[in-house]
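Paired with subunit B in one complex and with subunit C in the other, subunit A is shared by the two complexes that follow.
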Partner chain A sequence: MDINLFIVQLFNALFFASILFLISSGLSLIYGIMKILNLAHGALYMVGAYITFTVVILWLGLSWYSMVIAYIASIAVVASLGIYIERILLKPLYNKPQDLQLLLTFALIFILDDIVKMIWGAQYRAFPTIPGWSLSVGEYQIPVYFIATILIALGVALLLHWFFTKTIYGKMIRAISYSLETSAILGINTDKLFALSFALGAGLAGLAGGVAVPLYTASPGMGGDAIVLSFAVIVIGGMGSILGAFVGSLIVGLSRVFMAIIYPVFEIALIYIIMAIILMFRPTGLFGREMRERR
Partner chain B sequence: MMFKIDNELYSLITLFIFLAVIPQFLSIYNVRLLSVGLLYGLAAVGFNLLYGYTGLLSFGHAMFWSAGAYGLAIGLVKLNLDPLMSILLAFTLTFTVAIVTGYLSLRHTEIYFAMLTLAFAQLIYALIIKLRDITGGDEGIYGIPRFPSDIGGYYYLIYIIVFILVILAWWIVRTPLGLGFQAVRDNPYRAEALGLDVRRVRLISFVLSGFYLSIAGMLYAPLNRAITPDIAFWTFSAIIVIMTIIGGSKNVLGAFIGGLIFIYINTQAMNLTEFWQLTLGIILALLVYLAPYGIVGIFERVLRYVRGG
Partner chain C sequence: MTQVSDSRREWVKLAGVGVAGLAVGYGVGFLTAPERVREVETPVEGLPGVPDEPLKIGYIYFMTGTLGTYGTNAAAAIELAVEEINRNGGILGRTIELTSKDEADRERVLDNISKMVQDEGAEFVVGLDSSGDALKVIPLVEDELQIPFIVTHAATPKLTECAKRRFIFRISMYEEPIDIMAAQLVKELYEGDVTTVANIGPDYAYGYDSWAIFSGTLQDLMPDLEFLDPIYTPLFTTDYGTYIDQIKASGADLLFSSLWGGDAATFFKQAIAKGLFDSVKVYMNAMLGATDTLEAIGNDNVPDNVDVWGSGRYWFLYPPHDVYPLNRLFVENFRGKTGAYPPYVAATSYTAIYAIKKAIESAYVMKGSWPDVDEIISALEGLTVSGPMGPVYIRPEDHQGLYDVFWGRLRRGSPTYPIPILDELVVYPPGKVVPEPLTTMVSC
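Up next is the complex of A and B:
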């Protein structure tokens, strides 16, 4: 592989990893605090993709400022959707068996897929072009959009780090993920923070969809592939750990893109082989720790 | 019979008598549907040996269904083996997959076990997609021969096998082995202290459960005459979990009814509206709130009420 192709593929992999990080950090956050594996997280990502598509292509036209507005809209819509899901649907299930929460989030995939189909139709919705210009590397091109996306993901990672280490809400969320009972005794309003965490996680999925849609066409059911790769990411990195989601996304993104060049038969398989090996020797993942038991 | 005949067995036998007669009054289309229902029921019963009885939630049971279906189809269509050899090939494949994935995933329990089984199932899905020469890739395998070739006859072949295996499951959970499953589920530490080899019990349950799914898959491939990689994707694993929970994971009867009913809810929703997923999703969500112990749970509550309990 010549060096130019390598650079192009590296950016390709980092772009893919950035999208994965945005999805899986939310998934991991929700699992870390609520101990709910949100199967509908991919569906929320899909909704985010459609919102950005609508704002940019159908309403405002392609430009940098319309992209920014679209991202904000995606975050806002999906985060509020998240609040409704958490308050109305999940809250009554907190003291019920975990299976029921799993069943409910699976039902939500069906529901959201069809609502999207009702609003936007069943056909694929693609951006006509990738926003922005491209940089030339030898005979290849790297879209500036890739670089912007990587910067967005890095920015989100830093923001999350700041949120969890410096703000009182972030600290309270971390306290709950250590021990729900102790946090409640210490006077933390766990109920409110559950809603906040779910909204935050959902908002990240919305942003992920918005960022991904210019490259990956919006379609009903696009969440199915995304969610299962995010499972791999958070299991590799450690469930509940944002740093884990970051490193896990890099591992999955890089191994997939480069395996596709080296030996395509194992393009996807390699990800799950890595995941299985890590789980067998370090069940909590690279950066996970022993979690509190479910309540 | 060495076991007390209980209400569950009565209900199962009654259900099977009904299932023997009803195809005479149904159209070919509906007999085909009912055949799939029987296979889903069988799959749910097998899955529930691991889930309801041994307390392990696998999120990758689609791999066994597809090991059976692909094993048989590759034998019959790609390698031109005779049926017996193809079945043997499918069983060998299932056994290998079950032993290897079971040995590796059973180092853990709960969510980590679920994630490991998911990883192995997706690994197998990825291989099915990529090894085009053997599996047909995205397009799958077509033209799988069926014997007996008419749906009506094939229904009864499925019926007999499903009947035997479901009653067998009812029996197994009452043998010392089945009681061992439940001891491990209720308290693995106590089971260990009483001298049970917990990991071995779990592995036996895992492999046994895998064989149930594999047989269902093996019967499914000729019924459909074609298979596609969808049956190995994680959503199918989720559907296996869901139909078991819908019916009720407390016993064999519940799981079986869950499988039978799921295909009807699914098809009715598809026939009624273009937006069948929405309908199915709402029904699933309602079941979560209204029937948390499954459909069998509702029956039991009604029975208890009628008896004034």
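Up next is the complex of A and C:
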């Protein structure tokens, strides 16, 4: 492989890993704090995609500032949706068997799919063109949108790191994830922080959808396909760990892209082989820790 | 004047009383009369030998998930056909009722089909998007359910080419003729202009078969071409960058593809953004002629530096609306119902309902009463039914529906059409591209 091809393929992998990170960080965060495996996380990602599509293509027209507005709108709408889901639907189930939460988030996939169908129709929705120009690397091209996406993912990773290590809310959320009871005894309003955490996770899904939609094609049900690899990411990286989601996304992104070149038959299989090996030697994933008991 | 008027009013009044008296008398007599008399006195309502209860037709498509657009469109077209037929008196006076199941319920495809037939009384089933499902239902339908089953989408050659089925029919054009025509078209238009052929297709039977048929035919026609190793991508891949750069690095100038649906749109858009068409000069996609895919590609996204060709099972502008009004009406009514231009699944599922109607009516003419399953099967074999895609002939030897096969050049839509459209349509009659009955290029 010549060096130019290697460079563009590296960017292909990093772009793919960036989208994966944006999806899986929210999924991992919600699990880490609330111990809820949100099966509807992909559906929230889908809603984010449709919001950005609507703001940019149907309302404002394609430009860099409309993209920024659309991302903010996607985060805001999906995070608010997250608050409603957590307050109205999930909260009554906290002291019930975990199966009920799984069933509820599973049902939400179909409900959100149908709502999307009602609002936007069942047809494919897509950006007519990918925003921005392309950088030339020899005869190959890297769309500048790839680079923007990689920067957004890095920015989100740094913001999350800052939030969890430097802010009082972040520290309280981390405290909850270590021990819910102790946190409650120490006077932390766990109820409010659960809502905040779910909104944060949902908002990340919304952003992921918004960032992905210019390159992908939106359709009801797109979340189901996105969520499967994200599960692989958080199992590899460790459930509940943002650093794990970051490293897991890189592993999955790089292995998929380069396997597609070297031995394409194994392209998807390799990801699950890595996952199986990690589960055998580190059942909690690369950066996971022993899970606290659910309340 | 006044007198006439008055006497007429009197007459009307008298007649009214008389009719009311008769009605009461009839009602009382009807209720008190013994069963036998009632039977005799009941006038014949419909045609002789036609059951009173509605005719139930079941359909099964992907209604949810990423492929849910197929089912939504097919269901809308089926409802359209049923509304039209019921408005005009049903089939020989028998109205049609529908029942449906979701093919996306993967574990229960067979169970759900049985349920529609055995519990809900469906006398016909139409549908199936997945080729895998189409092959899976063969034993169920042929050995157990034994009712006419019309496949309207699943495209594997194996369904009709490997053996003659008794109860299973396919009304939609399938992949082999489309791929054979693609190879003939390359020879006709690009001989001497292209040297290296690449493939990108979905990583399952359809993608493999398509490439085998296209490359096999093309190799016979133009033996000097270089055929590269085909690339297959997992279904619902969202990110084609790595494949696009591989194709670019390979130096291919003709790219064949069997990607479909949203995948075809996603690949195409990313290929433009990554400059693939600086090196690829001809791009042929066997499934691009689908309005939903083209809508996703968007009107401004048709590049000038490459010849893009698309095909499909139906194209909403063919046969031309001015010479074939049935297609115009279908397009108008479908748009009225859904707001979209009909994709191929809409046309084929719509035609399946009319094929059922026509077969029942033909068989009824001969028998004078409602036909049984065997008689309906005989009527379907060799039937010609008019669909939006033109007349469709159901070949008796293999139960495959035959109609014109097309490829068209992709063009920016005019103000009339807000989506890119296939222009310069090249149309071959099925006789030129459809293999002899029960012969195939894939292994059975």
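As a working rule, the second predicted complex is superposed on the first by the 295 of 295 C-alpha atoms of A that agree within 3 Å, B and C clash if a C-alpha of one lies under 4 Å from a C-alpha of the other, contacts with A are read in each partner's own complex, and residues count from 1 in each chain.
We take it that a contact is a pair of C-beta atoms (placed from the backbone, for glycine too) under 8 Å apart; a residue touches a chain by one contact, two chains touch by 3 or more.
For clarity, every value in this text was computed on a predicted model and none was experimentally measured.
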For this session: Put subunit B and subunit C onto subunit A via the superposition and say whether they clash or fit.
Result: clash
For this session: Could you look at A:Gly224 and tell me whether it touches subunit B, subunit C, both or neither (first, second, both, neither)?
Result: both
For this session: Using the superposition on chain A described above, determine whether A:Tyr145 touches subunit B (first), subunit C (second), both, or neither.
Result: second
Exercise. Counting only touches as set out at the top, which of subunit B and subunit C does A:Glu267 meet: first, second, both, neither?
Worked result: both
For this session: Have a look at where A:Gly155 lands relative to subunit B and subunit C in the superposition and call it first, second, both or neither.
Result: neither
Exercise. Which holds for A:Lys117: it touches subunit B only (first), subunit C only (second), both, or neither?
Worked result: both
Problem set entry | Touched partner set for A:Val8, first subunit B, second subunit C, both or neither | second
For this session: Using the touch definition from the top, say if A:Leu215 reaches subunit B (first), subunit C (second), both or neither.
Result: second
For this session: Please pick the stretch of subunit C from 133-141, 277-285, 403-411 or 421-429 that overlaps subunit B when the two structures are superposed.
Result: 133-141
Exercise. Between subunit B and subunit C, which residues of subunit A are contacted by each of them?
Worked result: 110, 113, 117, 224, 264, 267-268
Problem set entry | subunit A to subunit C touching residues, read off their complex | 1-2, 5, 8-9, 11-13, 15-16, 19, 110, 113, 117, 121-130, 134, 139-143, 145-146, 212, 215-217, 219-222, 224-226, 256-257, 260-261, 264, 267-268
Seminar exercise, completed: So, in the complex, the side of subunit A touching subunit B is made of residues 37, 39, 89, 92-93, 96-97, 99-100, 102-104, 106-111, 113-115, 117-118, 224, 228, 231-232, 235, 239, 264-269, 272-273, 275-276, 279-280, 283
For this session: Would you tell me which residues of subunit C are touching subunit A in their complex?
Result: 64-69, 72-73, 231-232, 234, 236, 238-239, 241-243, 245-246, 248-249, 261-263, 265-266, 269-270, 272-275, 278-279, 292-293, 295-301, 339-340
Exercise. Can you list the residues on subunit B that touch subunit A in the complex?
Worked result: 57, 104, 107-108, 111-112, 115-116, 118-120, 122-123, 125-127, 129-131, 233-235, 238, 241-242, 245, 249, 275-278, 280-282, 284-285, 287-289, 292
